[in-house]
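After this come two complexes, each holding subunit A, first together with subunit B and then together with subunit C.
Let's turn to the complex of A and B:
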C-alpha cells in the first residue's frame, strides 16, 4: 500500500463579492497517494480550479477565503496552518503547479532561463552558473530541442507546446512530490496535447510524483488517470477508480457526461442524437436546496430537492453523493 | 457538376505582412494556399485541422468576409469570388455564419430581437409584424422562449447565446451555413445540446453546413464529408466514415491517433502511441514540397522538393482525395 501524500478534508473556499458570498468549493474531501494520478473533472463553475488554487494557497484573499474548518495535509502537515514564508518553501519543493495558459503564466519580459534559474537559486541555493546548467538539463528533460539556445529565449519566441514544456520544467525543477496540472493541454492542439500528456506521464513514472490533473475533458482523464473525482457546483459528486467509473458510473451526472461525448472509436453508436444533459449549471449565488444536480437529473424525486446527499462510500472504495445511485445496468438501484 | 451548391477552385487567401517605416509588404501569410472542393446540397462538410491550418480563414473567405487573393468560387452557379458591393448581397443572404465565441459575437447593446432582426433589416425582408412573428418562432425552434426576445445578451449563458447566434444565422433562411467552431467554447453537456440542435435544424430547414472545428470527434459526429487541412492545404478529403476508418494521409493518421479516447480500457501503452514530433511550421514560411514533410514519419527525398497533387484514390465510385506522394490507391499494399 503506497503512502498518502495529500489529504484534503472538508475544503471550503468562498469569495465575498458584491452579489453576496459565492461558495466556489463546498466541503471537498479527497486524498492522493504516492505516484498516483487523480483526475479532477468538472464543467466551468464546478470549483475544480479554485480547489487547485486552494491547494497551493494561491486564492486571493480578500475576496477569497478558505474556511478554517478546512484541512489540507501534505505528508501529514496542515499547510493551511503554516506561515506565508514557510508556504513559499512548500510551493515548489513539495507541491508545484502548471497552468492552462502558459503565455499568461510565464513572465513575458524575462527569458525562460531567467525564470527557471530564479526558482533554482531561491529554492535550491544554486549559484547563477550552476542554475543555468541545471536549467539546460531540465529543458532537455522536457524535450525542448536545442535547450542551450532556447534557454535565452523569451516566452513569445516559443510555440504553445514549447511554452507548456518550459512551464513543466519549471514546476519540476525542485522535484516536488505533488504536481497540480490545471487544464495543461486545453489551449493546445491535439497533436501537441498528445505530446504533453505523454511527457507528463513519462516524467511522473521517472520521478514518482503524484499528479492531480484538472480538466473538463473526460477523454483526457480516460487516457492518463488512475482515479477520478467528478465535481459539480463546488462538490465532489462521485469518486472512483478510472475503469469502474467509465464502466459503471454511479452518479447520473457522471453518466450524462460520459454519454454526451462524441466517440470516434464506437462505430455502432452511430450518428443519432447525442445524449445531452438538459438545462444548465445553476447560478452560484442561487444554488438550489438539496441535490444541486436535481433539476437536470432524469430520475430526481421530491426527496432530492430537499435532502442534501452526502458523499458516501459504496463498494470497492468508490464514493457517490446521490440518494439513488445508478446500478450496473444503469437503472435505479 | 452544375448542381453543386458551392464550387471552390484553387482558392488562395494570403495576408500581407507590413513592416518598416513605410509599411511596405515584407512577407505573406499563406493562410489558404490553393484549396479546391465541391459542396453538394445537403452535405455537411467538416473542416478539421490544428490552429493555423487555415480552416477559419477558408470559412471567412467563402462567405466573403475576406477578399479572395486568387482562385475561383461559384455559389449556386454564380461567380462570387470577386463580387463587390451589391453583387455580394445574394452571397450574404443565402449564407449564414455561426461564430465561435458566443460572448464576442453578439452586440451587448442590442436586444436579442434586434440582433436576430438585423439581417432582415439589411436585406429589407418582411414587414415589422411579420419579422416579430418570425423571430418569436425561430427563438422557439432553437430552444429559447419567445418572450426572451427583449432581453440583452448578458442575461444568457454561453449555450443560450450560441442558440441566439444560430437563430441569427438562420433568419434569412440561408442555403449554406458556415459554423466556425460553434461548440468549442461550450461545456461538454451544453456542447451535446448544441450539436443535436444543429443536426435537427439541418433536417428541418434543408441546410448545407460547413462545420469548422479542431475537435475530430465532434466533426466525425456531425459531418457527412470531412476535409483535413494543414498549413493552408486540404491534405485529405473523403466521406466521414471512410476518412476515420481508412485514413490514407500520414497527417490524418497522426491526428486520429492523437485523439484521446473516452474509454480507459482502450488505453495504449506509451510505446505504441505514434505521436507526431515537433510543431506546426509557420504559415509565413511554409516548407517546400509537401508542407507536411517536416513532421511526416514516412517522408522521402521527393517530398521535400515536389508538391504533391490532390489525387482521387477512392474505390467503388466513392471519392477519396489525398495529397500525398506515398498514398496508394486501394488494391495495392500500403
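Let's turn to the complex of A and C:
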C-alpha cells in the first residue's frame, strides 16, 4: 500500500466580494497517494481551479479566505498552519504547479534559464553555474531540442508547446512530491496536447510524484488518470476509479458529462444530436437549497430540493453525493 | 544593439529639422514684428531700418532660417536683445542651477514613489495601501504654489526670524560645488513633496495591473518571496512606463521650473526665459523654444533605446 502524500479535509474557500460571500469551494475532501494521478473534473466555475490554488495557498487574500476548519496535509503536515515563510519553502519544492496558459505563465522579460535558475537556487541552494547546468539537463529531460541554446531564450521566442515544456521543467526542478496541473493542455494544439500529457505521465512514473490533473476534458482524464473526482458548484459530487466512472457513473451529473462527449460512432449507431445537460450552472451568490444539481437533473424529486446530499461511500469503494444514485444500467437504484 | 542606437539617432534628424522649421515659422511668420516690439511706438523709420538690418531680418526668410540653423549647430547663438548677453553663455550659466534645482528631486520622488507604489500594489486593499492612498491624495490636493509659500515661510524664514537658526537659505544661489548645495535643498524637497502623491498613485496603478499577471502567480507558486516578486518580477515589467514617465519630464526639468526659480531667485533657465518673455526678447525666446523641442525629441529616442534594453520583446528593427 503506497503512502498518502496529500490529504484534503473539508476545504472551504470563500471570496468576500461586493455582491456578498461567494463560496467557491465548499467542504471538499480527497486524498492522494504516492505516484497516483487524480483527475479533478468540472465545468468552468465548479471550483476546481480555486481548489488547486487553495492547495498552494495562492488564493489572493483579501478577497479570498480559506476557512480555518479546512485541513490540507502534505505528508502529514497541515500547510494551512505554517507561516508564510515556511509556505514559500514548500511551494515549488514539495508541491509544484503547471498552469493553463504557457503564454502568460512565464515572465516575458526574463530568459527561461533565469526563471529556472531562480527556483533551483532558492530551493536547492545551487550557485549560478550549477543551476544553469541543471537547467540545461531539465530542458533536455522535458524534450526541448537544443537546450543549451534554448535556455537563453525569452518565452516569446518559444512556441506554446515548448513553453509548456519549459514550465514542466520548472515544476520538476526540485522533484516535488505533488504536481498540480491546472488545465495544462487547454491552450495547446491537439497534437501538442497528447505530447504534453504523455510527457507528464512519463516523468511522473520516473519520479514517482503524485499528480492532480485539473481539466474540463473527460477525454484527457480517460487517458491519464487513475482516479477521478467530479466537481459541481464547489463540491465533489462523485469520486471513483477511472474505469468504474466511465463504465457506470453513479451521479446524474457525471452521466450527463459522459453523455455529452462526442463519439466517432455516433452517426453509425443512429445517435442523433449530441446530448447536452439542460439548464445552467446556478449563480454562486444564490445557490439553491438541497442538491445543487437538482434544477438540471432528469430524476430530481421534491426531496432533492430540500435535503442536502452528502458525499457517502457506496459499496464498491466509490463515493457519490446523490440521494438517488444511478445503478449499473443507468436507472434508479 | 549599437546599430539600433545609431539608427535611432539618425531617425531623429528629420524630426529635428521639421521641429526647427515649425518653430521658425511660428516666430518669424506668424508672430509680431520683433523690431516694433522692441523699439516701441516712438521709433523712427530709420531706427527701424537700422535695427532690422542689424538683426538680419531684412534678408530673405530662408537665409534667416539657415543662419539660425548655423547658429544652433555651432552653438554660437548670438546676443540677447535686452541684456546684450551672449545667448550661449545664458544657456550654459542657467542650465546648471536649473538642473541642480530639479533633477535630484526627480530621482528622489521617482525612487520613493516607485517603492511606495510597489508596496501598495503588493498589499493592496490592506490598511498600508489605504493609508498611503489617503496621504497621496492629500499631497496631490495641495497647490504647488501654496507648498512653496508655506515651506519658504516656515522652514526658511521663520527659523531665522524667531530663533535665529538658519535651516535653509530663504533665496539666492551660488555657483560652484559645494557652495550651491544649501540653496537647492528646499526647492528639491518642495518638488519631491508635490510630485510624490501623483507619482505614487501612477506607479501603484501600473504595479497593481502587473500583480494580477499570471507570471506573478507562477513566481509565487515556485516560492518567490515578497522582495523577489516586487523588485525582480514586477519591477522589470513596469520599467517601460517608468522610463516613459521619468524621461518625458526630463526636458522640463532641465529648462527649469519657472515658479521655483522665481520664488527662490535662482538664475536658472526658467528665470531667464521669464525675463526674456517680459522684455520681448524674441531671439532668446525662439532659441529656448527650439532647444526645449530638441530636448524632447532626443530624450524620447533615449527612452526608446532604454526600453529595448529592459524588454526583449521591443523589436530592434
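Going forward, the second predicted complex is superposed on the first by the 326 of 333 C-alpha atoms of A that agree within 3 Å, B and C clash if a C-alpha of one lies under 4 Å from a C-alpha of the other, contacts with A are read in each partner's own complex, and residues count from 1 in each chain.
Definition applied: a residue touches a chain if its C-beta (ideal position, glycine included) is under 8 Å from a C-beta of that chain, and two chains touch if they have at least 3 such contacts.
Remember, predicted model here, so these are calculated numbers, not experimental data.
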item: Superposition on subunit A - do subunit B and subunit C clash or fit; value: fit
item: Dominant contact partner of subunit A by residue count, subunit C or subunit B; value: B
item: Which superposed partner A:162 touches (first subunit B, second subunit C, both, neither); value: first
item: C-alpha centroid angle, subunit C to subunit B via subunit A, nearest 10°; value: 80
item: Touched partner set for A:106, first subunit B, second subunit C, both or neither; value: second
item: Subunit B versus subunit C as contact partner of A:91, first or second or both or neither; value: second
item: Which of subunit B and subunit C A:47 touches, first, second, both or neither; value: neither
item: First, second, both or neither for A:264, with subunit B first and subunit C second; value: first
item: Least C-alpha distance (whole Å) that remains between subunit C and subunit B when both complexes are overlaid; value: 6
item: Those residues of subunit A which subunit B touches in one complex and subunit C touches in the other; value: none
item: Touching residues on subunit A, where the partner in the complex is subunit B; value: 43-44, 159, 161-162, 189-195, 197-198, 201-202, 216-220, 222-223, 242-243, 246-247, 256-258, 260-265, 267, 271, 273-278, 280-281
item: Subunit A-facing residues of subunit C, complex; value: 125-126, 213-215, 217-225, 228, 232-233, 236-237, 310-313
item: Touching residues (chain side subunit A, partner subunit C) in the complex; value: 56, 58, 62-63, 85, 88-93, 96-97, 99, 101, 104-110, 118-119, 122-123, 154, 156, 167, 170
item: List of subunit B residues in touch with subunit A within their complex; value: 50-51, 157, 159-160, 187-193, 195-196, 199, 214-218, 220-222, 244-245, 254-267, 270, 273, 275-277, 279-280
